[in-house]
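Input: a single structure, listed below in structure tokens.
Chains here go by letter, A, B, C and D, matching the order in which they are written, and residues are numbered from 1 within each.
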Amino acid sequence: MSILVNRETRLLVQGITGREGEFHSTAMLEYGTSIVAGVTPGKGGQSALDGRVPVFDTVAEAVEQTGANATCIFVPAAFAPDAMLEASAARVPLVVCITEGVPALDMLRVSHVLRASGTRLIGPNCPGMTSVDEAKVGIIPGNIHARGPVGLVSRSGTLTYEVVQAMTDAGMGQTTCVGIGGDPIIGTNFIDILDMFNQDPETEAIVMIGEIGGEEEEKAAAFCAREVRKPMAAFIAGRTAPPGRRMGHAGAIISSGGEGTAESKRVALEEAGVRVADSPSHIPQLLRDAGVG
Amino acid sequence: MKLQEYRSKEILARHGVPLLSGQTATTPEEARAAAADLGGAVVIKAQVLVGGRGKAGGVKLASSPDEAEQAAREIIGLDIKGTTVKTVLVAPAADIAHEYYLGLILDRSSKAITIIASAEGGVEIEETAKTNPDAILSLPLHPLIGLQEHEVRRVAFVLGLPADLRKDFATVLRGLYAAFIESDADLAEVNPLVVTDDGRLLALDAKIVLDDSALSRHPDLEAMRDLNEEEPSEIAAREAGISFIKLDGSIGCMVNGAGLAMTTMDLVKLAGGEPANFLDIGGGAKQDKVTAAFKIILDDPNVKAILINIFGGITRGDEVARGIVEARAALTRDVPMVVRIVGTNSEEAKPILAEANLITAESLDDAAAKAVAAAGAAA
Amino acid sequence: MKLQEYRSKEILARHGVPLLSGQTATTPEEARAAAADLGGAVVIKAQVLVGGRGKAGGVKLASSPDEAEQAAREIIGLDIKGTTVKTVLVAPAADIAHEYYLGLILDRSSKAITIIASAEGGVEIEETAKTNPDAILSLPLHPLIGLQEHEVRRVAFVLGLPADLRKDFATVLRGLYAAFIESDADLAEVNPLVVTDDGRLLALDAKIVLDDSALSRHPDLEAMRDLNEEEPSEIAAREAGISFIKLDGSIGCMVNGAGLAMTTMDLVKLAGGEPANFLDIGGGAKQDKVTAAFKIILDDPNVKAILINIFGGITRGDEVARGIVEARAALTRDVPMVVRIVGTNSEEAKPILAEANLITAESLDDAAAKAVAAAGAAA
Amino acid sequence: MSILVNRETRLLVQGITGREGEFHSTAMLEYGTSIVAGVTPGKGGQSALDGRVPVFDTVAEAVEQTGANATCIFVPAAFAPDAMLEASAARVPLVVCITEGVPALDMLRVSHVLRASGTRLIGPNCPGMTSVDEAKVGIIPGNIHARGPVGLVSRSGTLTYEVVQAMTDAGMGQTTCVGIGGDPIIGTNFIDILDMFNQDPETEAIVMIGEIGGEEEEKAAAFCAREVRKPMAAFIAGRTAPPGRRMGHAGAIISSGGEGTAESKRVALEEAGVRVADSPSHIPQLLRDAGVG
């Protein structure tokens, strides 16, 4: 078992004929993901990835023709909100938006519409997810994974890879690794994913990678204390970040009032019984200490 | 992006918020002329983006052009939390009967634009949140239909505004909301919003913070950027498409990805060093970006060593390695460099780095330790 | 409220929809002048609110001002389904390569503004719905965020529009949507939307139906009402605040409440009579309204009896009874009246009605039977 | 038992100091309804109905101070949408809007927001409802009712009274009588109420009063055939209505294509096993024939 995506995933890629879309779609296909359709308005009837994937003008048509049940969005920020709404209107149940730099007010609108219509949105500004040896949707390098009992959820991109690599190197494999995105307004938060891992029978332990900004880690800690009985380890990036500055991610900012610090998140997680690592490389050992592997 | 008070007021005025706009001045003489032009008592206010200008002596009353000139002389050039005052705003003074706080924030937690209001204005809202949280009304707006009349009424009633000012208050709140939406703000606040002795409702100070992700669709607002208040290195980084924040340490960092960049800083600190910067070079880092990043890092004379940490995904390790070697050749200043490249094509990167005599590391912990050691040796 | 074609086009043109607007004319001479002014071939179209004007001879092509004058002479004064044509629209003729249907309706079932589109334009959409329902795209829009770009694209692709006209199509659909929203419409349609031989996209005909409940906030649209096409009695009723529709029977009805008014008509029919009208006098019917209602009913010479059915709730029965008696005294034409008053204060109403020698009834069935009998006796 | 309102209903009246609001609030109070608060902006701190009901400036304050759990709206059409949104924002679970003439586009917005937030909206342009001998919310005359086993739902106002009176006269009492309103866009449709009656143990039979326009009666018929096992009778007004004309109610119009006729509704209901009356006065007998009373 795994969460969100698996061998039944029939993936659609919005923006498949763009540079990023084509590059990562090829990598997903090579990982074994079943990509059933691409969408690029005006290129309907053509095919992509050396003739392996049919291209449609609209998501509605792609879904009707191919039964796609998930979509991965690579279109530029100015068009990403419309792409997400289009996928939701066509009743695609899982929308993964990789695109970075989507304005927050657009995301306010989009995330509300998608949530109300029962569409699961991951991202935007996220690396997507991999259910190891089943399906990869997004841009996480496929070769850093090994299959195993740990679920991982993260707000970050390359930091996720760092932690996954450290785990794989230490012989600790993963069920699913999910990057939920670094923006202030995202579709799916820590708690949603933690809940899925908590209910997934094959996931025996959970790793959570947070960073400064917002209160999502603190809320997740409260959820963990209340609901999660599986061993957990965490890492919070940004202990050295100065207040009031945006650290790359639009969401990574400590308010001038001092909310959102790494320390506050660390304390909340530790109080909830989560082991918090000083370095990503310490995570496998913390999980071993908790009896995993 | 934070906007200066006078810029924020410009935007609010466009949306009908009543305020005393005044004039900016960059010399005491200009301030004098502005005061003479406005007539009557004026207030001279330092235009800086950092908070606490009042306590730092950056706000002064003046009852004549002479006094205005004198006040401006004292304020211009003043150092407020590291920022040197270049511009002051000269605005008509108001006789204040009561001060309120009124703000709109993009609240990530409730995923809603939220009205924050308090009858205790004039102090920072974070302060009120600590001392008297019950005095703050926090009202999240529906994300799809926005500000409604009943919300405007409710805020007015909760603030206890005089009945005859409720209509004017509606103008203020609607204007603030329109300004927020139309400029893609993260924050828009009026503090204080005052009732004057003669019964007028006025925005005496204003602050707007814009959503950086939306700036590309607001060239008019982008043009309001105050380059005077930014580090020259940060301006250069933005122009090169690099995410960069200057810090005070000695170890320069060059990383791909924001989370990993923060983590790299954290591990430098954990290894006993101090990071000189946050730097996210972005995905698919090409040579020109590496060159620009080196220049930005090395322009900081405190930098004694550089730690380069690249996790190849989109980015290919061998390309980055070549970029580093070539960019280094053109550097004007040589400092020790510790390079860690993992992920896509990292094996191919190794001989390139070895040939160039760069210090390499396998793990991030190791890389941080080596960088701290190198900086210590260079100091 | 239905708007005439030339009014609908006026509104669409304001919102950027490309069309050939033309000029209206009320005499053959004006039509000739308009055709001369426009130059080239024109089409002369009767401006009536009923459908099927084409089959009725209300649309003619003319290749010269002479022909235009002749065509207008034939059309003006023509009776189309009971409406006499007073005005024609003289518009440039277009060479049509393909006809599409594009409409927006307020769909009560999905509670959404819904795009209706078909590549089979030029015929009524109800016709296509019967003969070829698969040729119709029906796309409900989100009620809070409205028309989105992906919906515009989808309609264009489903219609199979030429690629180089997709951008123009977006202008048409966005304009139609903006017109719908800003005029509070129930329906806005372009039929046909055509591609011309020279590759232009044009709205050749347009129809907008407005939401009567929203008319009060659109005085400019209210002014577009075509009184020429309404029954004078219905105009009088609207001005008196009475809901009234003229029918062909002999039994005038005066009822409070729309559902009960329809039911009263149905029971008249069930009792073997024919209702002369639908009339809802509204809640709390006062004497001036009763007077106005009598006048409107009796202006119809077919009316041989009046059935008054009042269910007192807000309305007090005794007040209505007194209103009836007093209003009757001022009538110029006397017909038998059957009065049924139940509910609030109906007991107090009885002696008033008895004293005035009005026919009364306890049940609605009974009242209908008595009214039919009275009308039969009077005929 | 009954549906929607009962002795636990703590009613708030929006627009209580207006002419209509005051008149009908008095009648509701006399019927025994517990009116706990009124709202008129600017009149907070005063009282209404001869000092029996406190008035507040905002619904939020009224709810906080009195625990109101239902609201009845009498404000003019121009202000009714805002009043409904205000009630919903203050988390009042039941909103009954009497106001007539609310523009349809406003209702599109309001009904969607209220439905998404879990607020039950009845109306607008409706007479409200009475749970006989328990609570009356709206403008249905209280004296026409008798308590009994029949639930009644209607799109109409005075026609509802007519039917209720006929039933009471025939010795057939009611549990709850609900007028859902005559507008094209209303908050609660027939099916919602039929479902409630179907699940209410004390309601043994159901009467449905429809009229021309729309397809709600047809949809209700399909629902009845599928779900409802209780005896049902119906009446449809407008058999003599001409097509294309709006018969008083904004929703009462037969389309020029011929949809929405009384005949179509009648046939659909009869096919679903519902007895359809030719006159409101026949309804009690139809129910008796079905074994009620």
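The rule we apply is simple: contacts are C-beta pairs under 8 Å (C-beta built on N, C-alpha and C of every residue); 3 or more make two chains touch, one makes a residue touch a chain.
This structure is a prediction, so every number in the text was calculated from the model and none was measured.
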> Compared with chain C, which chain's mean CA position is the farthest off?
Replying inline: B
> Is the C-beta contact count larger for A-C or for A-B?
Replying inline: A-B
>> Using Cα averages as centroids, what's the distance between chain B and chain C in whole Å?
In response: 58
>> Taking the mean of the CA coordinates per chain, how far is chain A from chain C in Å?
In response: 54
> Whole-Å distance, chain A centre to chain B centre, using C-alpha means?
Replying inline: 28
>> Suppose each chain is reduced to the average of its Cα coordinates; what separation in Å results between chain A and chain D?
In response: 47
>> If I count partner chains per residue in chain C, which residues reach a count of at least 2?
In response: 144-145
>> By the touch rule stated above, which residues of chain A touch at least two different other chains?
In response: 109, 113
> Touch graph across the chains, line, ring, star, complete or other?
Replying inline: other
> All pairs of touching chains?
Replying inline: A-B, A-C, B-C, B-D, C-D
>> Give the list of chain A residues in touch with chain C in this complex.
In response: 41-42, 44, 57-61, 79, 82-83, 85-86, 89, 109, 113
> Taking the complex as given, what residues does chain C use to touch chain B?
Replying inline: 144-145
>> Considering only the defined contacts, which chain D positions touch chain C in the complex?
In response: 20, 23-24, 77-78, 101-106, 108-109, 111-113, 127, 139-141, 144, 154-162, 165, 182-185, 209, 211-212, 214-216, 219, 235, 237-242, 245-252, 255-258, 262, 278-281
> Touching chain D in the complex: which residues of chain B?
Replying inline: 142, 144-145, 148-151, 153-154, 157, 163, 166
> So in the complex, which bits of chain C are touching chain D?
Replying inline: 51, 106, 108-109, 111-113, 126, 129, 143-144, 181, 184, 186, 211-214, 216-217, 243, 245, 247, 255-263, 265-270, 275, 278, 280, 311-314, 342-344, 363-365
